[in-house]
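A, B, C and D label the chains in the order they appear, each numbered from 1.
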Amino acid sequence: MRVHLLYFATFRDVAGRDSEERQVAGGSRVSDLWRELTGEMPGLLRTGSMPPAAVNREYTGSDTLLAEGDEVAFLPPVAGG
Amino acid sequence: MRVHLLYFATFRDVAGRDSEERQVAGGSRVSDLWRELTGEMPGLLRTGSMPPAAVNREYTGSDTLLAEGDEVAFLPPVAGG
Amino acid sequence: MYLTDAPIDPASLTGSVRSADGGVCTFLGVVRDHHLGRATSRIQYEAYGPMAEAEIGKIVESLVLEWPETRVVVRHRVGVLEVGDVAVAIVASAPHRAEAFSACRAAIDRIKKTVPIWKREFHPDGTSDWVDPTADPHTAQSAVPDPDD
Amino acid sequence: MYLTDAPIDPASLTGSVRSADGGVCTFLGVVRDHHLGRATSRIQYEAYGPMAEAEIGKIVESLVLEWPETRVVVRHRVGVLEVGDVAVAIVASAPHRAEAFSACRAAIDRIKKTVPIWKREFHPDGTSDWVDPTADPHTAQSAVPDPDD
């Protein structure tokens, strides 16, 4: 299945893109996707362990199952205000 | 000796004036003046016991000795802001 | 001068914010349409002018001693105000927000406590009261007739 | 809409103040000329727009549940800001000042914690950093060259 992946701030700098469509295995969880991404781009690990993740614009846990068409983003440390 | 006495807010309503020159005995203290005023105008007592007093625009205690030419005010409960 | 009889424009008070200040906390005290369950039509603020200026000055000095990186600007209106008018404006600016909030809050708390300013509430029925924050709500009402009505 | 790419005019945000509100507390977050000892020439704010809107909405709802008599208005700027520009403005109005201060302070604290907005500081030497409030000041600096310089 496919998910729509978004990159922001320092993660976008590391990935060199701000979004991508990505094929993931059925039954994949948020943590699986993070593992896959950091395998390809170890630079994502510079903010430490798995950052907060959002699926369809809501914060979610690392165990959340991904579904076809989900909008997924891993969020570097926020600094609004 | 003479002091310049100021009345504000509810005290001005009671006194019917906003200031007066008043003759006080030498050696008078702030509390003596308050006693004299409330003897003449018991309405001043409606805010309770002796209110905060100012001599020459500074808060002062009831024992403060008055001096010729002092500007004296008894202050009803303040309500700024 | 901290007291003014002209309308207060809060935006005009932020001129003291420095380029090192990241947080600006503003408090506006606004004339409400009621108080203690009674309708308010307008409010007259009266000050012991020179002493009120001095007392606000002392408060500002005390705040800057307590929060040295903070700047505090104060304006207090005197005269007759309508509902919605700004009675007091405080702008506290500091490098970080915690100090700006603390200094702003302390400023209004101290102003209400010690500055010789009084307010008389006028009600739609023509009566008026000098507000006494220290008294029981019921005994505090004097219902002096409004000479203007 | 809580996010805007146009300059924020704080005075325009007080329209929600009601005639029953006696206290209005405003917080402005302003771009400073330095951070962690380094000079800042400007800041780029970037948001995960739709999620940031939703998260700010949740914060505003939570504040109104906690302080039911309080109204809270929020604007957060995105894009490139110069020193002195307002990055975030919060206006909290309530019948009494305590609630206005508390809700305003809680608003900015929660916004900084959960809303997906990032800021990149540009330094006069042409380098830039994504600010990481959670990290050690020294390891947080990435010194990415500024493509515009």
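A few points about this structure:
Keep this in mind: a contact is a pair of C-beta atoms (placed from the backbone, for glycine too) under 8 Å apart; a residue touches a chain by one contact, two chains touch by 3 or more.
Being a predicted model, the structure only gives us computed values, none of them experimental.
Between chain A and chain D, the least number of touch steps comes to 1. Of all chains, B has its CA centroid at the greatest distance from the CA centroid of chain A.
Chain B has its Cα centroid 73 Å from the Cα centroid of chain A. Separating the centre of chain B from that of chain D, both taken as means of CA atoms, is a distance of 50 Å. Chain B and chain C, compared by their mean Cα positions, are separated by 25 Å.
In chain D, the residues touching two or more other chains are 29, 108. Among the residues of chain B, none is found touching two or more other chains. Chain pairs that touch one another are A-D, B-C, C-D.
Those residues of chain C whose C-beta lies close enough to touch chain B in the complex are 29, 45-48, 50-52, 54, 76, 87-88, 108, 111-120, 130-135, 142, 144.
Looking at the complex, you find that chain D touches chain C at residues 10-11, 14, 17, 19-34, 83-84, 93, 95, 97, 100-101, 104-105, 108.
In the complex of the two chains, the chain B residues touching chain C come out as 6, 8-10, 13, 46-47, 54, 57-59, 73, 75-81.
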